[in-house]
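Reading through the structure tokens given below for one structure.
We call the chains A, B, C, D and E, going by the order they appear; numbering starts again at 1 in every chain.
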Amino acid sequence: MNQESFSQIFINACLVNNFVLAYFLGICPFLGVSGKIDTAGKMGGAVTFVMLISSMCAYGIHAFLEAIDAPFLQLISYIVVIASTVQLVEMFVKKMSPALFQALGIFLPLITTNCAILGLALFQTNKGYDFFQSVTYAFGAGTGFTLALLLMAGLREQLDFAEVPKVIRGTVLTLVAAGILSLAFMGFSGLGSN
Amino acid sequence: MLKQTLHISTSPHLVKGSSVEVIMRNVVWAMLPTAAFSVYAFGWNAALVLITSTLSCVLTEHVLCRLSGKRSTVSDWSAIITGLLLGLTLPPIFPLWMTFLGGVIAISVGKFLFGGLGYNVFNPALVGRAVLQGAFPVAITTWYDGFAADRFSSINSSLLAAPFMKPVVDGVSGATPLSAFKFDGVITDTADLAFGFVSGSAGETSAILILLGGIYLVTRNFMNWRIPVSILLTVFVLSGIFYWIDPSKYPSPLFMLFSGGLMLGAVFMATDMVASPITKWGVVLYGAIIGTFIVVIRIWGGLPEGVMYAILLGNAISPHIDRLIRYRVYGTSLKSS
Amino acid sequence: MNKEITKATTLSSTDEFIKGLWKENPVFVQVLGMCPVLAVSNTAINALAMGLATAFVLIMSNSLVSLLRNFIPKEVRIASYILIIATFVTMIDYAIQAISVELHKNLGAFISLIVVNCLILSRAEAFASKNTLGKSIMDALGMGLGFTLGLVSLGLVREILGSGAVFGIPILPENFQEWVIMILPAGGFFTLAAWLLVFNLYKQKRNAL
Amino acid sequence: MLTIKKHTFKHGVHPPENKEETNRLPIRQFSFAPLIILPVSQHIGKPSKVIVREGQEVIRGQKLAESDGFLSVPLHSPATGIIRKIANVPTLSGKMTTGIYLEPFPSSTQEILEGNPIDLETATPEEILLGIQQAGIVGLGGAAFPTHAKLKIPEGKHCDTLIINGIECEPYLTTDHRVMLEQPDDIFMGIKYLMKATGAKRTIIGIEANKKDAAEFLAGKLDGKDPVSVEVVPVKYPQGAEKMLITAILGKEVPSGGLPIDVNVVVVNVATTAEIGRLLPHGRGIQERVITITGPGVKKKGNYLIPIGTPLRYVLEEVGVEESISEVYMGGPMMGVAVGNLDISIVKGTSGIVVFNEKQVHKSAQVYPCIKCGACVDACPLSLNPSKLGILAKFESYDKMAEEYHLMDCFECGSCSFVCPSHIPLVQYFRLSKSIIRKRKSA
Amino acid sequence: MTDSTTIAPSNSLKMLRAMAGIGVLCGLLIVLTYEGTLPRIELLRAQALEEAIFKVVPGITQMQAYTYKNNAFVPAEETDLDVVYAGYDSEGAFKGIAIVATGQGYADVIKIIYGYDPEKEQVVGFYVLESKETPGLGDKIEKDPTFLENFKGLDVTLNADKTALKNQVITVKKGTKTNAWEVDGISGATISSRAIGEILKQSTSEWVPLIYQNKTAFKSRGNE
């Protein structure tokens, strides 16, 4: 059993071991959907939501697979369940807020193939978190993801109006800013250790 | 007869008189006492580090401008500030090749890539230092006691490490007040901190001289006083609350104020207007956020000092602050703007 | 991001192979599947292992998808692809564990995360589901090797500067000062940025000619 | 009643005032130029329609051009003389317009022709407005907007306060200052006409603290029963802008995109008011105006009563200028327009002429990128974000400027450019952007 | 992941067939691989664990896992989680216990194993199982010889009534170690070396009194 407290799990997942900036998970949406603050916030919200749901599902599946002693089905069942969850969320969003659906565009379905979600499920299993720890972990990871996305979007909105040499514009500049952001997040190291 | 050729310019035809170059030059003047004290305290070592970092920044700026076919912008003095500040944040026996590399990174990655003067979203000097700290964490936490007897007669071997090679440190390395506190629970005397009789980065030791430089800039209206005041006040109040709760566990607010890079950071680095918010209330919030990060990192974090990280995070948050805190446009209601 | 790279398939098999290495390189040109690229490229050996594992999954899934392409109804194709990919990933995961526990530990969760590497899904969707077995294998080989090439290029730079070694063998003088940052996350971002910059400069130069 | 205020509007700037050299010099009459050139477009709105022929002899005060519609005013002859030519003439904006060349008779008496006097007691508001239009009066505060049009209260609105603008916040200019000291009776007469025309119940004369003498002088003339008061506000640019003045005096804000009447106020410049008070009882038309001629390049600085249409070149030769003059502005140095061609004429909207020589113009021309110092943000009286607007303008993001950053509210006061340490020509960017946006809208 | 367009019944049969087919195929492939690799993976894992245990309890050649149940140490079943490993030399004599412990380091969780000798009342060996500490800095906890020297004989003597440690393990600044229960830190990796001290402190105060009180349980392999 894992002894970490909720606040420790949250701080570690959100700041110290930020999924994007320290674990390199969810880089694709991080590079792809961080152009505008509004979309970034919505994407972050969507990812956090999916993370919470899939974390709960993963906890259930893991318990079930333990019971029937079939660990080799872990990966395949995680991905199937996450894919269906996202599908449901997508349908829900489409119905409830067409505007939001429009804004997230192709990215909602892509959350399925976002390694941050799957990574979360795998990590929580590896770390042996119980149900509430898992949910805290998911919430922390989602918040951290949203935070990274929002910070990046703020910087990029500003950089849209900078005299950046053409060869650097776009992905290169985003990666450099991400690198510096990742350095800045190193300041949080050790925060979650007491 | 009247002259026929008249200049045509657009209104307003008056300007206030200060210019970017004047501001930048004055910031350099304001930093000189701090730089001079660091040479006094750490000898030729600090002098070499400061000269190298400044030269490397200026050189990089010049070369990059030339390479990209632009007019060289070194004459606006901003590269000199970046260089001096970088040097001031490094340990006084930091290997010169690393110092040089730091300058190159500060200007090329921290400034040029983002579009040069005015467009950098992070403080260039701190980008340089953050990369150095990430790359060479041992060298950048190898301190040196000030006022060594031989500081004007010999140069530390660490400084002269061959490029790309590990430095060999000679002599004892001193602990900074913050690492002494964090790792050994030792509190340094506040007067020593204020006057700079402690070990630390080249320019962070004398809080008083840094403050004087800041006061000069504020009176000449070259600096936004709200930023340092907001940072220092936040640090003081927050750490004061903890100290009041449990003085045996938490450091005193005065110790917090005068130790480490807080003064240098609050006065000269967080105030870099390029990477800070633009409105009066925006900078107050920015300062409060930086101050909070500093206290959190120092008290609960793994690292003894967090000023650099706090300011970089503050830089990253500034676009959001500018989005959130805007003035209400005249004649509009708050909601409609 | 999921760029459709469906060309009129008049290319020969060799061309299918070559394009993945260079013109449509998944890392440098398409910028796909960046998470593993950044996460496991801190040493060349990790990068190589990850690249080969990905290539294996890519080849196997492309083959199977191509074989079954007429059997899978359109509506469930993505679901089927994911099932197929997950299967091969599980297989390679166990295979690596059986080879070396140490290596498996270094690659961490990223082996499992090959499942969500969009490179694989996008090849299945954009290529294998429309092409013959032979061509699909060539395409997968090219993309897989191109991906490995990209990973190893990053891994080499990061390992040389970060540890003074290549594939674990020290090549620089004893007292070389390692640049720890290269092994840290920030180093991954910076190195990828630098490689992309090199590519952009190269493209710019070629276009200028 | 004299009120001294401590508070004023938010932000704004303090340029050096430089008014001491002319503010004690009484208004002096200027002689006629050998040839007077009168453009027909001296106001905002439709140009006046010429009603004289070449070769025709005209009398001082006679109408030379008729108003052409509601937003238009007539043009009167400033002198008795002969029409030499009707041809295109250059104007300040660089565009050409129709102009009347008038050669004054040097020997004639230059008596003024009387028209239909408007009797304050009996005239209806409509008659007063018509009288103002027929007198050719436009805003002398600088905008040259036909005053009668402004005074016409739109349906459903009403005016309760009339503010007389005696602020004169532009550095160097002392026109309104001298008018207040020398033409108090005209001003009070004008106020009476204006109050009747607008239905306002009270009048406040707003004056900046650097003209206390004028404020005390005017307040001293009040008998305490008049619904008129004088308020002194702290010195700050651009207090003279009507929105700022309303905020400084009444604490109200004119809504974005709105007019003063939306907060039940009408603002009229003191010189305009004096002109109304002087001309309407006689039914005359406007023939001359007070202009401050000053600046380091001028030898005989002063406040002059100059006939409309006097060529600028003649004016400068009369007062004498230094060899090294470099820039000449019509208006003050903050909002005035630099003159490229000395062959233009004095028009009704000319409030001052400022001449700088090379030394003053030597404002280090180096433009740096915006360093986000925020000086402009804290200077803009409308609380816009000139820094952001400037960057957006550079990247031609006009829609964003208008929609998110209220560009169209900017009244081009120049405070932002004045303080900018990077010397970015912000106002110039904004003027250009506004015109592009307007063009796009109308297209 | 189906398109939301309505699907004709005959079509859905085809879909079902396809999915079922693929499912069976995939299941088969996975199970086959799993069964095929399992023995070797378990062997490798066991070897790795054994190696680690042999490293931290010097001189042993055999081991036995125990778990603490109902106030006594009993040989552990496969499913037991909290286990310690007793080590025996070639003659079967009990030499010490290997204990796994974890805690937060500088970068992430550090997992270590250490050996405890109840006779000497000392920690006698130490090995890092998992750590993401910074290479060249934090990873000195695995490599630095002077640091590892600490654990050749770290004092964990119990107090008089044998219920708790006399002195808790603590990391001190490099070069200032004066007592046998102190860990001499690593300069430049103070945080990581302190984390090790902290992990040891937690784990020893939990396990050492228990093991010491029950040390007879380990005397012979598997409580025979």
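Operating definition for what follows: a contact is a pair of C-beta atoms (placed from the backbone, for glycine too) under 8 Å apart; a residue touches a chain by one contact, two chains touch by 3 or more.
Quantities reported herein were computed from a predicted structural model and do not represent experimental measurements.
Engineer: Provide the labels of all chains in contact with chain C and in contact with chain E.
Structural biologist: A, B
Engineer: If each hop has to land on a touching chain, what is the smallest number of hops from chain A to chain C?
Structural biologist: The distance in steps between these two chains is 1.
Engineer: Check B-E against B-D and say which one is joined by more contacting C-beta pairs.
Structural biologist: B-D
Engineer: When the C-alpha atoms of chain A and chain B are each averaged to a single point, how far apart are the two points in Å?
Structural biologist: Taking the average C-alpha coordinate of chain A and of chain B, the gap between them is 33 Å.
Engineer: With chain centres defined as C-alpha means, what is the inter-centre distance between chain A and chain E in Å?
Structural biologist: The mean C-alpha positions of chain A and chain E differ by 30 Å.
Engineer: Calculate how many whole Å lie between the centre of chain D and the centre of chain E, each centre taken as the average of the chain's C-alpha atoms.
Structural biologist: 86
Engineer: Using mean CA coordinates as chain centres, what's the gap between chain A and chain D in Å?
Structural biologist: Using C-alpha averages as centres, the distance is 61 Å.
Engineer: Residues of chain E touching 2+ other chains?
Structural biologist: Where chain E meets two or more other chains at a single residue, that happens at 1, 26, 30, 33-34, 106, 134, 136-137, 191.
Engineer: Where in chain C do residues touch two or more of the other chains?
Structural biologist: Within chain C, residues 79, 82-83, 86-87, 90, 94, 180-181, 184, 186-187, 190 contact more than one other chain.
Engineer: Check each residue of chain B and list the ones that touch at least two other chains.
Structural biologist: Counting only residues that touch two or more other chains, chain B contributes 109, 115-116, 119, 131, 134, 137, 302-303.
Engineer: Please list each pair of chains that are touching.
Structural biologist: Listed by label, chains in contact pair as A-B, A-C, A-D, A-E, B-C, B-D, B-E, C-E.
Engineer: Touching residues of chain B toward chain D in the complex: what are they?
Structural biologist: 2-4, 6-16, 18-23, 76, 115-119, 224, 273-276, 278-280, 283, 326-332, 337
Engineer: Of all residues in chain E, which touch chain A in the complex?
Structural biologist: Listed in rising order, the residues are 1, 4, 26, 30-31, 33-34, 81, 103-109, 191, 195.
Engineer: Going by the contact rule set out above, which residues of chain D touch chain A in the complex?
Structural biologist: 369, 391-392, 394-395, 397
Engineer: Which of the residues in chain C come into contact with chain E in the complex?
Structural biologist: Listed in rising order, the residues are 68, 71-76, 78-80, 82-84, 86-88, 90-91, 94-95, 97-98, 100-101, 105, 162-163, 178, 180, 183-184.
Engineer: Given the complex with chain E, which residues does chain A contribute to the contact?
Structural biologist: Result: residues 1, 8, 12, 17, 72-73, 76, 83-84, 87, 91, 109, 112, 127, 189-190, 192-193 of chain A touch chain E.
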